[in-house]
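The letters A, B and C name the chains in turn, as written, and every chain counts its residues from 1.
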Amino acid sequence: MDFSQIIPSLPSLWDGMKLTLQLLVLAVAGGIALGTVLALARMSSNAMLSGLAKAYVNYFRSIPLLLVITWFYLAVPMILNWITGEFVAVGAFTSCLVAFVMFEAAYYCEIVRAGIQSISKGQINAAYAVGMTYSQAMRLIILPQAFRKMTPLLLQQTIILFQDTSLVYAVGLIDFLNAARARGDIMGQSHEFLIFAGAVYFVISFGASSLVKRLQKRLAV
Amino acid sequence: MNYNWDWNIFFKSTGIGSEIYLDWFVSGLGWTIAVALVAWIIALLLGSVLGVMRTLPGKALPAIATGYVELFRNVPLLVQLFMWYFVVPDYLPEPLQTWFKQDLNPATSAYVSVVVCLALFTAARVCEQVRTGIQALPKGQSAAALAVGFSIGQTYRHVLLPQAFRIIIPPLTSEFLNIFKNSSVASLIGLMELLAQTKQTAEFSANIFEAFTLATVIYFVLNMSLMALMNLVEKKVRIPGMMGGAK
Amino acid sequence: MSMIEIKNVSKWYGDFQVLTDCTTNVKKGEVVVVCGPSGSGKSTLIKTVNALEPFQKGEIFVDGVSVGDPKTDLPKLRARIGMVFQNFELFPHLSITENLTIAQQRVLGRNRDEAMQKGMHYLDRVGLKAHAGKFPGQLSGGQQQRVAIARALAMDPIAMLFDEPTSALDPEMVNEVLDVMVELAHEGMTMMCVTHEMGFARKVANRVIFMDRGAIVEDCEKEEFFGNIDARSERARQFLSKILQH
């Protein structure tokens, strides 16, 4: 084992990590936003709306993320092409981002739904009683409480998502893992670079989970 | 650009031998099931052992199991797969290394790697479920088992595990479904499972939407059937009066 | 001859001492009731007898076998002592029949027929033969506790330990369990019972032990314990006056 080439390669590995983190941040933001909308739709009294949301969630939860990534990579440019009528270069990053947002939304939806359901029904009644509308009650009373409760679960899902971003390897996007693979091949130290990449993922995930566990304990008290 | 919808594509010749595209999907599904089932059996056994270890008294055994769980939970699945496929074989002892690299055909060596990878990855998750299940039992159960003269092994075998497994059937079901979905990473080391066959069909026929639609339908149906199967299992092992059953 | 001999037993959880220098014994055929306020260590003490709770100092002998000796075969020793728990602790995934036979078969190595015969005999004795095919969750608390007693008896124990056998029961079910215990006492079973049921103690106990803060404060004949209240320690008197009001 010879890890000598890792230090000189750090800048290009860092470029990969930047892409990983960019994808992560955007996917989390989009996933939670869409997931929250889905959760509200699922709990809506409109049967059609809740049925659609339920079908969406069941659908994305029963297929592999890697399939979604691959499919969207091929399909998003074509769909945009149909819509706009002209050829648009979308790029792997955008199609991956769309895939992650849509896929993760199904998982975030279930977390948000459980969070909202954990808030007592008295809270929404109290909000209505002081004259709030549905959207005010949700925005000002229910969601702030629900999000505080589900922060640990949202963070855990985000750590899983952080690991899953490595699947963009499938469509050739140069994220941290792919940067390490490519760089390792060039340097003739592919094993060492892969082990280094694994160690970096481990340190970040393990560190983050430990923080989440501590947060969970603090919230539990 | 106009897209040529053609739902008959699955019955058309691939141009390779006498195969039609549907054959590819069938063979892909076969590999997916072969990977997932074998990996699941290993994961269930290993995960149960680890889960029991985490609940044993003393320090060393629980610490080993905890270390295992943290390691396999915090490294991405794909990195683990690359380790098993690219790195580990180079460090196998000599006869084994030649066997893996030369005697096995490429599909088999990819299969072995992905099964080992998914089994060890999923075992960490099974371990956590088994541990949770055991710890959810009243403490008096193990005391009562010991009091009638059971050894530690008998206490786990006859009293703790049969109850713990019943409690954790729902989370275990979702791990069981996950292993099928996760097996799609095998396509990245060239194993022609369902996703790989789908991609290949899309590329050969240019009927991307049909190919991926069929693939999602297959995954969806697979998922639903497995869930129905597990619901049946859960009903079959349900004990009257235990956990929400009628008194 | 002493069936259970407890000599200078002390136990700590970390820095916290839960048992302090406890000494007593239970002779063959004797019924000893252990009482005391909650947290007094009485449940802990009775669980040291079959080594469900380890102790750091002192010695315990059951039928001459040292409980604290690391060389002692604990499963074998425990199989000879019956124990009944506060929360019954029947095995909920096994039928009543299986609850009665599993340890006979797996621990004592009896064959199925013999185990069944013995199990049914005791199930009949606690008046529940009709429920043999049910599961624990389908029985009331009092019924479950009677099955638990039958399960212990089916092992042909040399002594029985009862750890607050009636305190998790609804009041109307207490007597059905106590009746079985009284009968057992009359038959000459060696019994050590942690319980607050002073009526039971008056009826069948030979001796009463009172514990407080991990120590044995009183250990005397039943007649002396109940007959001469004024001679009892301050804490025992307080405890008794609280208990007897109910």
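Keep this in mind: contacts are C-beta pairs under 8 Å (C-beta built on N, C-alpha and C of every residue); 3 or more make two chains touch, one makes a residue touch a chain.
Here the structure is a predicted model, which is why all the values come from computation and not from measurement.
Under the contact definition stated at the top, the chains bordering both chain A and chain C are B.
Of all chains, C has its CA centroid at the greatest distance from the CA centroid of chain B.
Nearest to the global CA centroid, when each chain is reduced to the mean of its CA atoms, is chain B.
Averaging Cα coordinates per chain places chain A and chain C 56 Å apart.
Taking each chain's centre as the average of its CA atoms, chain B and chain C sit 47 Å apart. The centroid of the Cα atoms in chain A and the matching centroid in chain B are 22 Å apart.
Chain B meets chain A in the complex at residues 1, 3, 70-71, 73-80, 82-83, 86-87, 90, 177, 181-182, 184-185, 187-188, 195, 198-199, 202, 208-209, 212, 215-216, 219-220, 222-224.
Chain B contributes residues 138, 140-141, 143-151, 154, 158-159, 162-163, 166, 239-242, 245-247 to its touches with chain C in the complex.
Listed in rising order, the residues of chain A touching chain B in the complex are 59, 62-67, 70-71, 74-75, 78, 81-82, 87, 163-164, 166-167, 169-170, 177, 181, 190-191, 194-195, 197-198, 201-202, 205-206, 209. For chain C in complex with chain B, the touching residues are 47, 50, 52, 74-76, 78-81, 83, 85-87, 89-93, 102-103, 106-108, 134-139, 151-152, 155.
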